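Before anything else, here is the set of structures, which you'll find just below.
What follows is chain A paired twice: with chain B in the first complex and chain C in the second.
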Partner chain A sequence: MIIPLIDSVIYTMLAATTPVVLAALGVMFTNFSGMFNIALEGMMLVSAFFSVFVVDITSNLWLGMIAGIGAATILGLSIFFICHYFHAEIFIVGMGANLIATGLTTFMAVQLKGSSSLIFENVPKLRRIAIPIIENIPILRGLSGHYVIDYLAIAISVICYILVFYTPYGYHLRTIGKDEWVAKTLGISITKHQFISYLWCGFLCGLGGAVLSLPVGVFLGGPVGMANGRGWLAIAVLCLGQENPLNILAAALFIGATSALSDLLQVTTSLSPRLLMALPFAAALIAIVFYMAKEHKTSLGIKI
Partner chain B sequence: MTTFLSSLKRLFIAILFALILAVVIIIITSSEPSEAIKVFFLGPFSNKYFLGNMVSYAIPLIISGLGASIAFSADMWNMGLEGQLYIGSLCGTYLAYQMSSCPKTIVVPIVLMVSFFIGGGSAAISSYLKNRWKINVFLSSLLIANALFPFVTFFLEGPFSDPKAGMAASPYFNRNFMFSKILPPSELHSGLLISLGLVILFYFIMKRRVLGYEIKMTGENALFAYYGGVPTARIEMIAMFLSGGLAGLAGMINIFGSTGRMLGYMTNFGWNGIPIAIIARYDPIIVVPAALLFSFVQKGAEAGALFADITPEIAQLIQATIFYIITAEGLFEAIGIWKRKSSA
Partner chain C sequence: MKSKIIITFIGVFLGVTIFTLVGFAGPSTAILIPGTIGDNPLFQEDIKGAKEAAEIAGLKEPKVVEGGDDYASYEKKLISLAATNQYDILVTFTDSMADSIVKVANMFPEQKFILVYGDIHLATEEIPPNLFSSKFRSEDQGYLAGYFAGLVTKSNLPNANEELKIGIMMPDIYPAWNDILIPAYEHGAKAVDPNIEVIQSVLGSWVDVSKGAQAAKMQFAQGVDIILLLTGSACMGAVDEAKVEGKYIIGFNTNIIHLEPDVILGCVLINNREEVKNILLRAYKNTLPFGTEEVVGAKEGVVSFTFDDPNYKQRVPEEIQIAMLECYKRLQNGEINPLGD
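This part shows the complex of A and B:
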């Protein structure tokens, strides 16, 4: 009884971690470059919509994923251009981008299909990857049978770690994060790095959004939406993981664990599922309070 | 006076932009563009009923816009207005439902006070977290609000729900408690007077009182204000409390005025307070026309859905785009609306 339960908790935890860790890594790059992007929620939402929509038309998963990443990147770059060339406040543009994403996806869904929540029937199933030996070991079984993006997310965190700490690019990026003035005197182009970091953010949030809608073939528009606060959880994860991609992965696993716990409590106890939906947010806040109280670190460098 | 003028200027840009965008979207999507554009622009003004409903929709927007501006003036980025509005109006509605046998003159003030204090209290938590552990207000208020949505929906679906409603909604409280209607066929209610009273009160506080000066000084430069003897921690707490309180009040006044019960999904009154405050550049007087603009876009789209083939969702799209573009002063410089800042 207890072992299948543990299996399913580990499985849900990994699945819930993927979108959060991808978005958190995306925002990490923009945080380094000094242009903190808060439009994760919106970027994930447009990617979730366009990826499933394109797959529905073409029945090609790769094209859908590219469409999702493209849509998220376009939204991200529009934020970058408005802020860089027209001196808008990044923060307010980010909030606006979140609202635009909700408005645009809901509007398009209603205009094209007549309802804000859509079920796409001819979306091909994503293949689950079973890992040969692990899938037979009782407690580790939950690690096997995920979609390819879930494994990719963990690989991407490791790649980001190497990129940030062991390459010249990462060294430049961290210099900008520490002190823009020093970076300027060293001849590092800040604008170029901000642009690249928005490309990163678009790519990663696009993947994170596609993983929300593609496996189920459903899009939920409207006020709550498909992203359902995951973009904000990603910012909380960045706050916990600070500047290290592996710490970010660990923090995202913690948030994933609370999601899995809330799913588990839904099944095993009579607590209301609605009430349990608040659990990841409350847990994130409490974790940040404990972290801050212990480390005496200052919060994110949101400059506004 | 110059800040007042630049607020006004930003408002005009927002209006211009909203109108152009509405025309473009309607031309793209509608099969009879000229008819749809006419309905969109003139619909809300066509008769007493639509006009009253438009003004009535602006009432909670005015109050939540005020709430956002007072927090932003103190540089406290309160992004939890929607959550504070939810929890404040839930507690207020519950109290009004329980006190159904008491006279109206007692119930209404008590309920409004309770909504104010509950909303304010939930906002003040963020300010406490900031003072105690330097936790970003933006992040903590968002996380608290996101935790509050399912919490409130739980009550509206379970313990405090109306089984006959068929959706997440509380039962109706005593109909006698409702505000009186001003313009009979429409929904316009006497909450308008409360909201305008609040605008004048906050204008007075922000421009003529020491508290307003201290709030603005803390917002401009907290260290300098602290050095000058302003108790910045307390000022930030007060600004956050007033902001959340106004959000709670906005929800409750809307319930007393038009719905008579709490509905599970309100129409973004809290979120829209944020762009309204930014369009108005935190000026309490300009909040009123900014809120009317948002309400006009909403009601124009609704009229368009009734009498022409406009999708009502364009309202949200237009409102979001205004928000997106409103701080891009360089864009307006480039097309010559905004005057280039001298010497800068």
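This part shows the complex of A and C:
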């Protein structure tokens, strides 16, 4: 009985990690470029809507995924253009984009299907991929049977790490993040890098949104929506990950593990479900407090 | 010229007045939906029932106001509807509206209010004279679902395991579920075998489908082979997980077997359409006892099960179907106390 439970915890941890790590990597790029994007929740929501809606029309999962990424990218680029060309405050525009995403998806869902929440019957759904050999090894079994986007998320974290720390593009981007003036004197185009960072953010949040709706063929809108706070959690993960993609992956796994632990304790103990439901958010908060305290001590020259 | 204009105005005024009096003769009704209509088959059925009642009574179609997902706005919307003074009867639904409807009923004593499938005693012991409340016996629903889950987990169905564990999943915590429905579910299962254990998960979200799938996976790992899903679209994630893992699901309130007939074996139903229709027809005939509460369940035929569903008939073993019908009859006859002694 214990081994299947461990399998489930590992499985749930990885599944819960994917949308958060993708969104966190997306916001990392915008943070480096000096245009911190807080509209992750909205970008994931539009992606979740358009991906499943296009799959419903075309019966093609790849087209659905592209539509989701496209929708999230368009929303991201809108934020970029509004802020860049009209000098709008990025946080206000980001908040507005989140609200527009909620309103737009709800409105379109109601117009198209008569409801803010859509359950599509008979649409193709993302299939789980079983990894040969691993799927038969107890405990490791939890690593098998995930969706393609789950595995992609891990690969993307590694690619982002290489991109950020071992390519000229990464050096340029990080230079902008450190000091825009220095970047300008080095001849680095800030606008171009900000634009590209929003493309990255759109792509990653789009994937994060698609993984919410495509496996089940469902879109659930409304003020909370099926993103359910993951965009905000991603910002916390970025803080914990200290702008390093691999650290971000580790931080997202930590949040995923607390989510899995919350589910596990619900079915194995008599602890209050309300208390357990708050566990991932409480863990993120405590981790950030410890991180900030450590940063503060370091900045004061205190050796830890 | 002047007199022609005055006569025209008077004519238009009288025409509009006569049209209004003729067109809107009889009681008018407004319905406030505490949520969204589209994704909630229960509310859709409520509206159908209200429309049918209006049609039978030869009245204008009821005005339907969707509350949306902004819970805080429901009470304001109810006050606004009452303040317009345009509707004779205001109808709303669920336990979540109990407090608000009592408050608004006291604010507008001339206005008539109806609360359907909501426990008014969550808000008050004394029901206002202008308010009628109808409550479903959720213990009947819980018992039927638990009895069915117990029969399935003990059965030889291909995906039923040897563990005597059944699950229940809910999007949030509600006193009515915790105090009545879940104990009745457990009691129903234990009527089949006292050793059956009930494992529950609360998702903390009505819309997070992934969370539903993850919680279901955790239950299945614990040895659960059938889960009752207590509404909420987030629970739909559990259906997907059950399909992958080869487990079973019980639907709640409405028949969702067609979504995954191999996974969703049965659904415990409430016939809210008929109930809403009957309540409104009595209200239109002035025979509805305002100031009182009515409790309906299996005995009145309002709570039932998917006995007639073709997938249920095809996939569920005959002995389970017979046992379920027997259980339902005993519940209707009052031979079973769903909450135990």
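Basically, the second predicted complex is superposed on the first by the 288 of 304 C-alpha atoms of A that agree within 3 Å, B and C clash if a C-alpha of one lies under 4 Å from a C-alpha of the other, contacts with A are read in each partner's own complex, and residues count from 1 in each chain.
In the analysis below, a residue touches a chain if its C-beta (ideal position, glycine included) is under 8 Å from a C-beta of that chain, and two chains touch if they have at least 3 such contacts.
These figures come from a predicted structure and were not determined experimentally.
On the superposed chain A, the positions of chain B and chain C overlap enough to count as a clash. Contacts of A:Ala16 after superposition on the shared chain: chain C is touched, whereas chain B is not. Once the two complexes are overlaid on the shared chain, A:Ile82 sits against chain B while remaining clear of chain C. By the touch criterion defined above, A:Ala282 lies against chain B but remains apart from chain C after alignment on the C-alpha atoms of chain A. With both structures placed on the common chain, the touch criterion links A:Met226 to chain C but leaves chain B unconnected. In the overlay built on the shared chain, the residue A:Leu186 is in contact with neither chain B nor chain C.
Applying the stated contact rule after C-alpha superposition, one finds that A:Arg274 touches each of chain B and chain C. When the two structures are aligned on the shared chain, A:Val158 is found in touch with neither chain B nor chain C.
Residue contacts after overlaying the shared chain place A:Gly103 against chain B, while chain C stays out of touching range.
After superposing the two complexes on chain A, the stretch of chain C that clashes with chain B is 94-102, out of 94-102, 238-246, 310-318 or 328-336.
Residues 110, 116, 223-224, 274, 277 of chain A are contacted both by chain B in one complex and by chain C in the other.
Residues 38, 82, 85-89, 91-93, 95-97, 99-100, 102-104, 106-107, 110-111, 116, 223-224, 229, 232, 235-236, 239, 272, 274-278, 281-282, 284-285, 288-289, 292-293, 298-300, 302, 304 of chain A are the ones that touch chain B when the two sit in their complex.
Contact residues on chain A toward chain C in their complex (touch as defined above): 1, 4-5, 7-9, 11-12, 15-16, 19, 109-110, 113-119, 121, 125, 128, 145, 212-213, 215-216, 218, 220-226, 228, 259-260, 263-264, 266-268, 273-274, 277. Touching chain A in their complex are the following residues of chain C: 36-39, 68-70, 173, 199-211, 213-215, 217-223, 233-234, 236-237, 240, 244, 258-259.
Residue ranges on chain B touching chain A, taken from their complex, read 29, 75, 77, 79, 129, 133-136, 138-140, 142-144, 146-151, 153-154, 157-158, 265, 268, 271, 274-275, 278, 311, 313-314, 316-321, 323-331, 334.
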